[in-house]
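Attaching a single structure in structure tokens format; questions to follow.
Letters A, B and C name the chains as they come in the text, with residue numbers starting at 1 for each one.
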Amino acid sequence: MSPQPKVLKALNIISLVLLIGGYYLSLFYAPTEKVMGNVQRVFYFHVATAWVGMLGFLLAALFAVIYLAKKDLKWDAYGLAAVEISLVFFFITIVLGSIWARPAWGTWWTWEPRLTTAAILELIYLAYLMLRQGIEDPEQRARFGAVYTILGGLSIPLTLVSIRMFRTIHPVVIGSGGSEKMGMTDSMVFVMLYCIVAFSIIFANMYWHRLRLGQLAEQVEQAKMKLEL
Amino acid sequence: MIEVKSLIKRFGLKNVLAGVNFSAIPGEFVVLLGPNGAGKTTFLRILASLSRPTLGSVLVAGFKLPSEAAEVRMRLGVVSHNPLLYGDLTAEENLDFFGRLYNIHGRDSRIHEVLGLVGLSARRRDLVRTFSRGMQQRLSIARSVLHDPDVILFDEPYTGLDQDASEMLDGVLKSVAAAGRTVVMTSHDLARAEDLGTRFDVLNNGKIENSIKKQDMGTENLLAYYKRVLAG
Amino acid sequence: MSREQKPKADYFKSIMAITRKDLSAELRSRELLSAMLVFSLLVILIYYFTLELDIKNRNAITAGALWVTFSFAGTLGLNRSMAIEKDRGCLDGLLLAPVDRSVIFFGKALSNLAFMFIVEAIVIPVYAIMYNVNLLIPGFLGVTILGSVGYISVGTLISAMSVQTRTRDVLLPILLFPLVIPILVAAVKASNGYLLNLQWSEISPWINVLLVYNVIFLAVSFMVFDQVVEE
């Protein structure tokens, strides 16, 4: 295995700096929200992790389609890496949402459409990993994984729509129509955008590491096979 | 007719078939020998259009695989160690079902004919689940020749059969092969294979390592030949 | 060795051949339907004690209770229906036949749907009698049919995958349920609308969700089915 390329090493440091910056901006720089108070500060990471979680999920669906068309196992590895990282980010999103919900609505869990959809998405990811675990042949595993990712990708928007129709009590951040619209000052918007960009870069960094890990695992497999021969 | 050129099949990182060249003409009964894990079943599954080749060209009954799979399937019969039959249907219903999928004209008379061929006419209204292993295997052969295929593949047809059932199967296999078809069979049972085959190919390490026609074997028997090939 | 074309079997006739085969095998063994039915009836009995289905709650809970029953009983049927194909190598037999792979999908989906309808046709009247609710409302029955179509189309595809894995029986509900949540939500809401005599404007959005889901998932399941059964 070749050592980490220079760009990746630089990215490691940039990610760390961006993360620290994110903590500073959201905890100290951003003004305290009038209605919800300090707890609203989790909002910045909540939105940013949800964004990259969604990004990973979209990437996975895209790679699934490409895999089925091309049948090259590299696309399967890309998809799996995206799912695994997304799984972690969505988990953070849900936990942060929960922390926010406690003082804001008085319960740890609200059946808010996006939060509920994120939880269902987590379950789809877990089911995806369990499906992969049950299959020996790498090509079959990749095919089934891709099919399941596509089905998940198609069902999620419908799930979101149907749960939103079911009930909605979430402050609508962007766009109009929400009754509990949150008043965001310019500096709040800045922190939110900063966190979204920062987490996108952190995502890219982790994704790169995860892909290298996958390649390493494959090299180990190959080395093992050579030993067997 | 079967024609396979530099066929490679990869499972993950492993080449199960590493460049197989193989051909068989009508009237030939090729017995495919080889140790366990040599890729015999994989090779047969590719010929049967059930598995896609990774690389190489495969021609079965004059049509390319996998692109012309539907045409190949019309002209191909397969018997594996699994019976590929439904236990809760009668012999006749099983054949009727497959007859519909193969779009066979004069289905009833053809079913009657093949049931006679494998000696199961008397049991045609019995559920397949009540059949012995040997009877199921014979019915499976009836299913495989229902549409009068040009090419027939047998994957270990003798698995789990006792002496009597095996002898009965011998007769059925011979009559099926006699009609100018191309037959490929994998088998562990060298004594039976020697009697049936007209050519013997050894698949080892993902390649056809040797091929010999029955008339060229001389006084050497199949067992000796097989041992000699495997010893290198 | 001729390259002349042999006539292939008619698309719809082949689908019907597969469905007919499943139905007549099931008519003999009755193992799939009896498992689904006995399970459903047991669950309905259990509801009485666990959900306290007193008269006040009944109308609001009925649709949900029935859909939970249908979806769990459905996995029993889907599992069994695919296991029959897989265990004796019959799936290979189907794949060897010169029919399009979508024929196999539609044939299996149609027989699974038939099993689902049979179970529903028995469970709904039994529930209606036991809990004294009127369920013979055309709209309610229509929603049940619509929801079942979506559930079975995804279920047939997923069961074709799960049956090929090591953890087969356990995996089907885990893979299937997170995908059918829109169906469950929409079917329950729309059924409730009919049971509580709500206006069409409150029911129609849910019918739309069901329709959209059915169209999307029927199309996709049919398109990717060959990826699931072929090597």
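By definition in this document, a contact is a pair of C-beta atoms (placed from the backbone, for glycine too) under 8 Å apart; a residue touches a chain by one contact, two chains touch by 3 or more.
A quick note: this is a predicted structure, and the numbers were derived from the prediction, not measured.
Colleague: Identify the chain whose mean C-alpha position lies nearest to the mean of all protein C-alpha atoms shown.
Modeller: Here the chain at the core of the arrangement is C.
Colleague: So which one's got more C-beta contacts, B-C or A-B?
Modeller: When A-B is set beside B-C, the one with more contacts is B-C.
Colleague: Would you kindly say which chain has the C-alpha centre located farthest from the C-alpha centre of chain C?
Modeller: Using the mean of the C-alpha atoms as each chain's centre, the farthest one from chain C is B.
Colleague: Cα centroid separation between chain A and chain C, in whole Å?
Modeller: Here the centre of chain C sits 32 Å away from the centre of chain A.
Colleague: Between chain B and chain C, tell me the centre distance in angstrom, where each centre is the average of that chain's C-alpha atoms.
Modeller: Centre-to-centre distance between chain B and chain C: 37 Å.
Colleague: With chain centres taken as the means of their Cα atoms, state the distance from chain A to chain B in Å.
Modeller: About 50 Å separates the centre of chain A from that of chain B.
Colleague: Return the residues of chain C touching two or more other chains; collapse runs of consecutive numbers into ranges.
Modeller: Residues 231.
Colleague: For chain A, jot down the residues that touch at least 2 other chains.
Modeller: 139 - these are the residues of chain A that touch more than one other chain.
Colleague: Along chain C, where are the residues that touch chain A in the complex?
Modeller: 154, 157-158, 161-162, 164-168, 171, 174-175, 178-182, 185-186, 189, 205-206, 209, 212-213, 216-217, 220, 224, 227-228, 231
Colleague: Write out the stretch or stretches of chain B touching chain C in their complex.
Modeller: 1, 26, 45, 48-52, 61-63, 70-71, 73-76, 78, 80, 82-89, 93, 97-98, 100-103, 127, 143, 150
Colleague: Inside the complex, what are the residues of chain A that reach chain B?
Modeller: Against chain B, chain A makes touches at 137-139, 218, 221-222, 225.
Colleague: Which of the residues in chain C end up touching chain B in this complex?
Modeller: 1-3, 5-10, 13-14, 17-18, 20-21, 24-26, 28-29, 84, 88-90, 92-100, 230-231
Colleague: Looking at the complex, which residues from chain A come into contact with chain C?
Modeller: Touching chain C from chain A are residues 68, 120, 123-124, 127, 130-131, 133-136, 139-140, 143-144, 146-148, 150-152, 154-155, 158-159, 161-163, 165-166.
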